[in-house]
Structures are given as structure tokens and as C-alpha cells.
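What follows is a set of structures for review.
In the two assemblies presented below, subunit A is common to both, partnered first by subunit B and then by subunit C.
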Partner chain A sequence: MEPTQQQTTGTRLDPWVDAYAARTRGLTASQVRALFAVASRPEVVSLAGGMPFVSALPLDQIADMTARLLRERGPQALQYGSGQGDVTLREQILEVMDPVGVRAHPDDIVVTAGSQMALDLVVRVFCDPGDVVLVEAPTYVTALGVFSSYQCQVVHVPMDEQGMRPDALREAIARVRAEGRTPKLVYTIPSFHNPGGVTQGPERRAEVLDAARSNGLLLLEDDPYGLLGFDGSVPRAIRADEAEGVIYLGTFSKTIAAGLRVGWAVAPHGVREKLVLANETATLCPSNFAQLTISEYLATQPWFDQVKVFREVYRERRDALLESLDALMPPGTTWTVPAGGFYSWVTLPDGLDATAMLPRAVAALVAYVPGTGFYAGGAGGHNALRLSYCYPEPDRIREGVRRLAGVIESELEIVQTFGSPTTASSRPGPSTPTPDLA
Partner chain B sequence: MTNALDGRVVVLAGGLSSERDVSIRSGRRVAEALRQEGINVDVLDVDAALMASLAADRPSCVVPLLHGAPGEDGAVRGVLDVLGLPYVGSLPVACRSSYDKPVASAAVAAAGLHVPASVVLAATTFRELGAAAVLEAVEASLGLPLVVKPTRGGSSLGVSVVRTSAELPAAMMAAFAYGDIAVVERFVAGTEVAVGVLEQDGVPVALPVVEIVPDGGFYDYGARYTAGATEFFVPARLPQDVLDAAAAAALTAHRALGLRHWSRADLIVDADGTPWFLEANVAPGMTETSTYPQAVAAAGLELGKVVAALVDDAVS
Partner chain C sequence: MEPTQQQTTGTRLDPWVDAYAARTRGLTASQVRALFAVASRPEVVSLAGGMPFVSALPLDQIADMTARLLRERGPQALQYGSGQGDVTLREQILEVMDPVGVRAHPDDIVVTAGSQMALDLVVRVFCDPGDVVLVEAPTYVTALGVFSSYQCQVVHVPMDEQGMRPDALREAIARVRAEGRTPKLVYTIPSFHNPGGVTQGPERRAEVLDAARSNGLLLLEDDPYGLLGFDGSVPRAIRADEAEGVIYLGTFSKTIAAGLRVGWAVAPHGVREKLVLANETATLCPSNFAQLTISEYLATQPWFDQVKVFREVYRERRDALLESLDALMPPGTTWTVPAGGFYSWVTLPDGLDATAMLPRAVAALVAYVPGTGFYAGGAGGHNALRLSYCYPEPDRIREGVRRLAGVIESELEIVQTFGSPTTASSRPGPSTPTPDLA
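Then we have the complex of A and B:
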């Protein structure tokens, strides 16, 4: 065949396709995202996203409070603010961190657009392309997104029921160095882990800190769920016992309102100065309106009582999830028992692939996040998934688990019919990465 | 165009299928194109509120842009018929046969088109007869490479190209994740093209042939909906007689399946210039990266005017 049309260049429907930075190469349309679009429908029980149950907030009081704030301090709330964040709020953050044992000066705190922005700033300040970040296996999906966007290499460190294993952390650091690579940060979520659902005890925290410190590495402690322990106890932050070697990330997203996007970092003096400058470069300043709303809420509302309300809401939902899993999951399925937070990590029977199973689940009107999303490059967690119990009501959770059990049974039948693929990754399925909001 | 301009046009988009996201994007794009023509448009999801919404404010016409069931299988259109609402696109009976790939293939083969040799298999068949024996027989009959896909659905969801025997079981499992019946067909190597068909004054006309060259070689979900991941050539880089053959094949499929207003045929043109029919779409994708709007533009037409004319036809 000889073409009569000698068109040598077609269209890619994006004139800038050759202009994008190398770090955006992984940003492609994903089947998992497409399936999550269905999860937003009310017919679907979404055990996927980690959305806080903000309906439990005293919304009328917040409405009155916000109206008063705008009437009385409108020009300040709607103006630019400091790149480090509002000083009154920073003083209040010290009180909020009191239960986790973090003692600091208001000047040690940098307020950010959610702790996600703080995480982004820390990585921006510390990591050159190719630098290694050591993280739990699995770890928070959107932290992986940050590491990827700064072209970091991610090394996963195995966990047990107490979270990150310090022996494995030491081995991983040694291995990275032996390979001629540069480890920069140890990123950990010690309390009510996302997605693992496990919590480091006091001794484990000390061991993880020691593994990082003895190797001259900075520990990045992400603590969004620390106040949400179901028995009322609050795990002591790693930062409480080490000020120089730890950056602590906190947020109001789970204790007040995720939509306001207010979080913070507590960092050693030199780091903090750079974080402030980076914050100014990224956003000029965190939202003054959001900060003053949080500040007003902390000053006028019984905020810790509200935390107790949230704990009770989430404890009831956790119980509904665990009871349903106990009653309905097929043999060979295991899961973690979270003592707080939002998530349980479920390991499927041998041979099942949670990513490949997702279309079947969505067709059955239940959604979860496949485990591969919590591993860099989707290189692990094939037979695992994360279940969130924070948003659906208990009855919906029970219904969701009932549907999920049916899906797993069907998938088991298929695997029994065709045999387990030789390697999990050999089985085609929706591609990662996965969003954390669904 | 008076009828279309008189009342409200409802674009249906979304639904509960795995192509919900694609459908929403298609719907928004078409709605915006219609608004540019001065038409009053609402975009509605297919949910429990839809019937009440249609009853409370009867639209003059509906444009279903639902991808996947129940949009493309004719179910929602059947409801529109019951409600006496005119709509753009094919009638339910034609949708049903088009949406089921083996049924569509048989119909267009009877009309003289080339279709890849294939076999349709239910998950239960494998359970009853034993997967290894069935797969061995399938491979012996069709040879490698193969394409495995769910019999129903679009956007390449659940579709795999199988190049070795070892890949076949996993491909079957991937297809069965989207439905209980799968089709295994012989892989046809060649140029992948999409040919849109548009009825103008009731006469189906083939739009310029769009050649699809995905970066990774496979026009999968990522290649379809990531801007820049696929290179398109309009018209396709094929000799004129082959372009004509592809256009004729799309028109044959449109007629053989009894389609109305618009459709898209997905074809592979082999090394000899023979077009092979893969599937027909009764609700062609209208997203920013879809082929149908590209073909409309290449034909010198405007999407809004094209849809408005179809709305006018449906109403009249």
C-alpha cells in the first residue's frame, strides 16, 4: 500500500505534549480513577476515600461564628497574611499538640494549606532528583505522589503489627548507601497508619527514631490521626522526644474541617526558615480566612469535645466494619484491627489481585482502594486493599462488606477456574496511581 | 432548527457504568457545543431523580451520551420511547445488537464485512469444561496473537492483547472482571482507524477516516483519555481506495445494524488494505481526545451545528 496522503505529523490534541517536565510522565488517565467516578454515586458504598465525616460538626455554630468573623474581622480575614501563618493560630496549635506531647515555640510552626502542602514543602526543600525517601510498605498514596513529583526514589520498609520495622529500616538504609544512592528522609505515619491501620508503640517509635538518627537521617512524622484513638488515649508523638531530628506534620483536616485546608509543620529552626520561604514561593501565604476560621473555632467552640464526638463516630464505624469482616469474609482473608483513625488493610486470599478485582466490585456497587496504589510504581500490595470506614454510616458499611464478600467469592471462583497467574503483576487490570478521594 | 431552539434539550451523561467519567466529559462537551448554537441545554445524570426531572419539565429532545450499559444497550432509550420523548441516536433494538459485540459482528459479517475469527465464551463454560482444555482448543483454533475482551462495554476496559499462551488465562480473567461473557478473537495486525458516520438529511455519510497511533502500541484507556498519549492522523495515511473502503465499511455497518443519526465503526486495515470490523458505537465518545469530534472538524463541520441538526431531525 502506498499512502496517497503524505501527512507525516498527526495531532496529539495537546500542543504542549513535548514541553512537559520529565516529572509529569506518570500522570496519565487511569482506569482506577474512571472506576472511582462511579463510586461517587449514592448507590455505591464507597469504602475507598478517606473523607472525614464533617456532618458531625456543629454546622450552625460554625455558620454563626464565620459570619461574626467576617463582620468583625473581615478585612483581616480576606487580606494576605504572613508566609509562616497567623501568630495567634500558631499559639493555639501548641495547645492542640499538647495531647501528643509536642512542646515547641510558636515560631517553630509553619502553617500550610493542609499538611499535604507541608509535606510538599519539606520534600521540595530537602530532596534532589534521585534522592531516596524511606517509607512504610505500604504508605500514604498522596505522599508517594509528592515524592514522585520531586523525582525522589522511594524505598519501602516492611511493617509488622507495630508499624515500620526498625531492623528493616536499618537494612534498607545500609543497602541504599551501598548502592551509592543518597537517603534523605524517613517518612513515617506512626499513629493509626494510612493505609495500614497499625500503630507504633512507644518502644517502636524510639527504635525507628534511633535508626534514622544514628544514620544521620531526618525523620518526617506525619500525624493526621493522632487524636483519633478509640480508647481515648493519645499516642505520644516521636517529635515529643526529639526536636532536632524530626519534622512533625499536623492537620485540622480530621479534627475540624478538611475543606479549610489548614495544616502545619513543626521543624527545627534552620529547616523552618526554609519552609517559610518555600511556602511564600508556593502560595504567598496560607489562606487567612481559613486560618482565622480555625482560630475562631478553637477559641470559641469546645474543640476537644468535638474530637471526642469524632472518635465515637469512627469507633462505631470501625466496629461495624470489623464485625462485618469477621462474619462475612471468605477464609484466607485477613485484616488489621485499627485502634484509631480511618482505615483497615485487608489482605486477600492467595492468588487474588485487588486491582484486577475492582471492576467487579464497582459493578457490585462497592468501592475500595487497591493495595498497589500505596506502593511506589504499584510494585506491591497486589493482593491487598484498603477499606475506609470514616464516611459511610454503619449500616452502609455492613452492606458494603456484604457486597465485597460476594465479589471476593466470585473472584475466587475465577481464580480457581483459571489458576493463579504466575506473578500477580502479570495479570492485566486497571492501572495505578489511585486517588485518595472517592 | 426552530424545533430544537424552542425548548430544552437534555443531554444524558454519567450513569453507573465504568465509563461514567468518559460519558460525563462527552456530555459536557456536546452540551457546550449546543449552547454555542443558542440552544437551552441541561446535562442530567441517569439516576433516581431523572424521571421526575423529565416529567416536571419535558424536554423537546434528549441526547443520550451514556457510554456502557444502560445507555448503549438501548435500555434508557426504551424508557424515552415509553415517555414519548424524541432523542438523538439509534433505537433500542439497534443498540442492543450493536452493544453486544458478537451479535454485531455476525450482523456486519452477513452484510459482507470482514470480521476477525472469534469465539464467545462464558465464565461458566470454563468452570464446567476445565479452563486449560478450553483455552488450548481456542488457541489451536484461532492461533496467536489474540484479543480478549468483554462482549459488552467500551473504552478498552477489560481488553487485552495476548501474544503468548501463558498470557491467555490472565486476559480471560481481566475480561470476566467486566462481565460474565468474553469474546476471544484473532488479532488483526494493521492500521487502527475509527470512522464516524453522520446522517445528513437522513442520508448516512462517512466522516474522514481517523488513524490512531497510540504511543504504547495499544489503544488502551490511558492512551484514549490522556491528551498527548496518542497521535491521530486525519485523514488516515492510507491510499484513497483504502480510505474509501474503510468509509464504505463503516456505512455498511451503520446500515446493517440499523443505526440512526450517528455512529462510529472501529476498524483495523490490514497490510492488503482490507478493513476488518471490530465494533460499532451507538454513542460515540465526544471527549477532548475522542475521534468523532476530530472527524467532524476534519469534515469542515461544527459539532454544535451537527448535533443541533440531529436534534432537529429527532424532533421532526
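Then we have the complex of A and C:
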């Protein structure tokens, strides 16, 4: 059979363009997506993606363990499961959350296809179009995608070196209410922030929680990196001290493996019931194959020792990044010093634009994520970028920073000679509206 | 640490009851959910669930194959992947769709966390609140859940022994338009229908497609059972003859294993781009672990021979069901004769109500799904029920039908002696508004 016409034609008009739901206007491809296809070439040092270093896992043991699981419990692992998730795994998740201080009942947990799915379901359950979600400035890029796809309005709250500022949060909530809008959720990443690289201390957490609670708002605590503190200390989750006002999102993507796509939400009773129903509607049930693999891993492998291995891997890479930044970055460049997690947030010297600079960086064989990606509508972070140190080996990180420093220096020379190098680039919004992490 | 108060309290008021999105009004637990907890006891013959018989899989080979995959390609299998799905798997999906006649490019395919997720994403991309989806009467229960969760209105189109009636579809579209409502999608399960057990012939498919296309409506073709025809013939998919006007949903849940949660959509170019973005927002990416396991299975195992094994398993069970129904059902009971798939749709004698009868059936140690579950708002199917023959062994099926026949006979005696046995039960809607499959 010959290929039909539509397979060989290139650009085509979309006959369904008038049929899409209004919410699809919030579904837009990242402007830097095409560039990242180029940046995935092996000669490019990518400080862009947040891929965990899964090669550090004991692959032979996981292979043996998974084979045994399939032999002994194959008919269960390969079958549909419960919409709430496997009950044994939910009990084990309680143990995994013990270090962050979260106490709950297995019934309070909903297992999902990654914590991204849990985030999607929480927004689905709470947010009508136009509802306001308050988030850090900057915040996790794909959380912005979820809020946008449910037609939420996003209000960024300035951060300092301890993360979201509670005074600014209170002001933002009051302003939203004064404008007649409906604040619905406060979304925060308190530990080893993505992309900010900062961590809320215990007092800060209490203040952020109080700002949400005193305004009757639910706090959505996203905690993918909590166990990955480099000094071995684990920040106590906000959920540990408040069960009714917080939804906690956890994941195995950074402590075991991202490719399994298993995360969870811990939610108050009434919310949890709605999340289970929404989970069934979205996916019927999370994968038993992935859930039972994780359950077996937790039961038979020294999972917390492996977390310590990951910490050590990432600490060494963080150190390589920071030492290189110290040694090589031109004056006027600043960055956050992460105590855990995957990221540092870099602020460029005055006059530089990280989005405009990216093609030149990729030409110099180094990639990063421009700061605008972490602001709703790209309306902030123009002079900033995120560096990830989780995936490349330390020597590659040093080489990447050396290349990046060269690019920044070239840009600075152009600014000093000809004025701003960014005049040719489009700046979609106003300049960064808050002090943020600068 | 002591358990906190909310862990030990039973029923509690939900403090967030006023905070939920309007769409949560469509998220309601099935009325029969509690009963099914009882029905999962081993002494109950469940003809309710649609669980594939995964024990027929070559578990040892799958165990060996998965172990080898993790040893040789562990860092890929355990890592994040593409939001559109693994490219090798997408090429293999083209081969899997060859028997149903679907020709496409790997770029036209979006891999999702089960085809349920694909269905969710299609509705997310197309349906604003109030948009109308036209579906068979009856239709797949969790598709109704998706439509409801996106606040769609559902219009049921009557079926006959060839499935959805195109004359009735045209009338329904015209009526919806005359009422000022917006029809958006035609959702159909043309092969081995769930729950109807019927199959559209080639002419019927062309007529249903023409009714959608001539009205400018996208057809959403859900095809989980297409390869599971008992005489070895595979119905040609509607998508095989129309690429721009059809989204085709496929799944490995019935041909390999449901516990892997891997399905896909084949969509026109512009739609596919939106589905990929929506997929990234919902789950970041489908599981590489599950995708590569399936890819390896397709590459190294005789996957189509295994489909033939499944056909034989299900054919034998279908036969056991039909022979028992023929031998044991009281006069006035009718049922469909499925040529493939998992289900037969049973219509009870006049005066009986399948929902009201279910507790008595479970007490007699047999379970089914009442027909109302397959109608939006439970507004039809009161005198009908779905029987699944996919999971129990043939002798158990015969025993289940024997018990069910006894329950129906007892109900008939009550009707004949005292009038309707259903007067004590609540009937939430009008009686079945269409001839349907009766």
C-alpha cells in the first residue's frame, strides 16, 4: 500500500483549528524546544536538563529482582490495579516519607503516573478557569504548563535566599482578592528549589504555611528533592506539621528512577477521595508493573544507602559547578549555592539576555535553560538562567562552565562596545517584575 | 510520634468542600463500588470486571527478557523519555496496527500511560464545558467518566446488532445543533464493543464515518479489542480509510498486559502536536521502563502467536458463557453474541431491574455490572447488564451463569407474585430512552 498524501506533505493547514477547546491556548511549545534538539548532540555539554544520574543504580540487582518479581508475581504485576495504587507500596511510601517527617495513613496516599500526574490531578480538582495559583518567582516550568492548561492565572511571589517570601505572599493574596480574583492554591517547592536552588528554613516554612492557612488557601508542597541534601540533613516537610491544609507531592524519580513514572500525593481525606476518582478517569490506575518493581526494590534493596550514593554523586557535581563558576565567571554574574537537589540559578551581568544568548551558547557547545521559561508567559527571568549539574560528569561540568563563561564574556564585550546585544531579540514581556533571586 | 487526630477520626467534614472546581461535580464514585469490594471475595464468580487473562502470557520469557533489557539498556529504561513516546516503539506500533489496516508515520503516534490517558488528552484538547460528545447507547463506562470530568454533555445514539446506527447519529447531531449546542466528537468502539459485544461491519463503519465527516465532526475510534476476533479475522479500522477525520486509540492492555499501562493515539498532524504538549503537561512522558519492555517483547517474542493464544482462551470462555446462557436463562432474557472481545450484553425480562438485583446476585455469589453504569447519568440500561467472560475459567463461568439464572428466576417469581421487585430501589433517571440492544 502506498503512503497516503498526508504522510509525504510537509507543512499543512490544520482542519481542526476551530474545534479545539479554549484551554489549548495555554498549550504552547517551548520556544527553545528546537534548540534543545540541537543541544542533545553529544559534543554539547548540557547543563539544561534535570535528568537524574540513573547509571549510579545497581542495575544487575534491579534486573535480577525484576525477573524474580515477574516469575513469582507476574499475573499481579501485569494486571490492572487499584485506582489509588498498590496498598503495600502505599505502606512503604510512609517509610520513605519518614525522614521528611510526614505521618499519614496508607489511605491518605494516591499513587500516580509520576508526581507530574498528581500535580495535574490536584489542579484539575481545584481550579476553575481564572482561578489564581500563587507560585515562586521563578518556579518549575512544567507546573506552569499544568496551570496554563487548566486556564489558571499565575501570580509569582518574589523569593530571597530562603525561598518564597511570606510577606510578599500575603501581599499578593490581598492584591488578588482586591482585584476580585479567586486565589485557590499556593504552590511551593520548599527544599532544594527547582530552578532556584534555595531551601526554606523551618521558620520560613511556618510563615509560608501561616500565610496560606490564615487566608484559607490550600498549600501544595512539591518535594522531589527532599532526601537529596548534601550534608545528609533532610528538611522537615511542611506537611509534617499540618495535615488538613497541605497536599504533599512525592516521587521516586530522583531517589530510584524517573523512567518508572511513579509518584504520589498525600492529601486530606475529602481531597484524596476526589484525587482517586480523577486518577481513575485519567489513567484507570497507575502501572502495577512499575509499582511492584518499586515495592520490591524498597523491600529487598538498601534503598536509603542508594539515596546516599546519589547525594554523593550530586554533591561532587555541585562542587564542580560552584568551583568553576567561582573561578571563571566574569564580574557581575551571581548564582545561588544549592545545599541539595539538581540546580543553581545564575543571574547575568546587567544588559545581558539569557534567551538571546542561548543560540550563541549552543554554538559554543554548552546548553542551559533561559530564566524566562520559569515565569508564566515568559514575563520574568530575562537576565537569568538555570544550570543543572545532575547529569554530566564533573569534568564535563567544568568544561561546560568554561564555555559558558566565554560566551558571557563575548556578550559583555558586545554590550560594552555597541550597547545591548539583546535589541535584536524579542522580549515578550516586561523585565523581571520582582527582585527574585538576583 | 503519636498518630495525629485526623488519622483516628472516622467520618469528617471536608473543609475544602467550597474550594473544588466545578468539574468535580462530574467526578462521582460508582454506586456499585462498595458492592464490588464484596464481590472480589474468591467465592464470588465475578462476571463483572474486564481483566485480561494475563496468566496466559509466557511469564518466564518476559522475566528473562526484562532482566536482559535492564542489564543492557538500564540507563535508558530507567530515565525520562520523550513526551511523544519512544521512537522505536512508535515504529513497532505501526506493525501492530498493520492487521487493522492503519497506515501512518511514526510521528503521527503519541504514546500514553494507557489508552485511557489518550482518551483523557483528546477530550482535554477538544472539549470546552458544555460541548457535546455523541456516544453509543450503551458505551464504555470510564469514557463517560472522562467526558463528565471535562463537563461535556453526552448524547447517546441507539445501537442495533451492528453497533451505532448512522441514521440515529445524523438525527442526534441535527437535534443537538437545533438546540443550540455544540457537537464536538463522535466516540465509537466499532469492534467487539464494550459493553455491547457487537461489531460494526465495513458498510456500517463507512456510514458512521460519513455521518461524522459530513457534519464536520471528528471521529474518535477506540479499538482495544480489534485483534481479538474469535474466527481470526480482524475488522478493518475506520482510521484505515480516513486519516484527517479520525483519531484512533490503541492499547497493549489486551494484547500484551494491562499492568504496563501503555496505549497510543494516532492523530492528524495538528491534533498530534497538541496531544504531545498535553501529554507532557499531564505526565512529562510515558514510562520508558514500560515502553522499552513492550518494545523488547515485540522484537524478541512471537507477539502475534500470543494474540492467537489469547483469542483461543477468550473464545473458549465466550462459548462457555453462551452455552450456559442458552441452557439456563429463563424465557424473556436475551443477550448479544460477541464475535470477539470480552463482553456480552444481557437484557432482562420485563419488569426486572439489574441494579436492584445486584445485591441479591452478590448474595448468590455471582457479580455483573448493571447496565445503568454505561449510560451518562445512569439514564438508561435499567433492565440490562454486562457479563465479562475474559477472566474466569470456563467452569467458573458456567457456575456463575447458573447462579445468575437462579437469581433472575427468583426475581421473576417475585414480579409475577407481587408486581415489580424494583419499587423499593431508586431509579435515578427515566427508563431507557432508546431501543438500544434490547
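Convention: the second predicted complex is superposed on the first by the 402 of 438 C-alpha atoms of A that agree within 3 Å, B and C clash if a C-alpha of one lies under 4 Å from a C-alpha of the other, contacts with A are read in each partner's own complex, and residues count from 1 in each chain.
Here, a contact is a pair of C-beta atoms (placed from the backbone, for glycine too) under 8 Å apart; a residue touches a chain by one contact, two chains touch by 3 or more.
No experiment lies behind these values; they were computed from the predicted model shown.
Undergrad: By residue count, is subunit A touched more by subunit B or by subunit C?
TA: Of subunit B and subunit C, more residues of subunit A lie in contact with C.
Undergrad: According to the stated criteria, A:37 is in contact with first (subunit B), second (subunit C), both, or neither; which is it?
TA: In the superposition, A:37 contacts subunit B only.
Undergrad: Per the contact definition in the header, classify A:63: touching subunit B only (first), subunit C only (second), both, or neither.
TA: The second partner, subunit C, only.
Undergrad: Under the stated touch criterion, which partner chain does A:28 make contact with: subunit B (first), subunit C (second), both, or neither?
TA: It touches subunit B and subunit C both.
Undergrad: Contact-wise, after the overlay, does A:14 reach subunit B, subunit C, both or neither (first, second, both, neither)?
TA: both
Undergrad: Identify the partner contact of A:415: answer first if only subunit B is touched, second if only subunit C is, both if each is, neither if none is.
TA: So A:415 only meets subunit B here.
Undergrad: Do any residues of subunit A touch both subunit B and subunit C, and if so, which are they?
TA: The overlap between the subunit B and subunit C interfaces on subunit A comprises residues 1, 3-4, 6-7, 12, 14, 16-17, 20, 27-29.
Undergrad: Residues of subunit C touching subunit A in their complex?
TA: 1, 3-4, 6-7, 12, 14-17, 19-24, 27-29, 49, 51-52, 54-55, 57, 59-60, 62-64, 66-71, 74-81, 103-105, 108, 113-114, 116-117, 120, 124-128, 131, 142, 145-146, 148-149, 184, 218, 243-244, 253, 257-261, 268-271, 273-274, 277-278, 280-290, 293
Undergrad: Please give the residue numbers of subunit A that touch subunit B in the complex, ascending.
TA: 1-7, 10-14, 16-17, 20, 27-31, 33-35, 37-38, 41-44, 356-360, 362-363, 365, 411, 413-415, 417-419, 421-422, 426-431
Undergrad: Within the complex, which stretch of subunit B touches subunit A?
TA: For this pair, the touching residues of subunit B are 16-22, 24, 47, 123, 126-127, 131, 155, 157-158, 160, 166-167, 169-174, 176-178, 211, 213, 221-222, 224-240, 242-243, 271-273, 288-289, 294.
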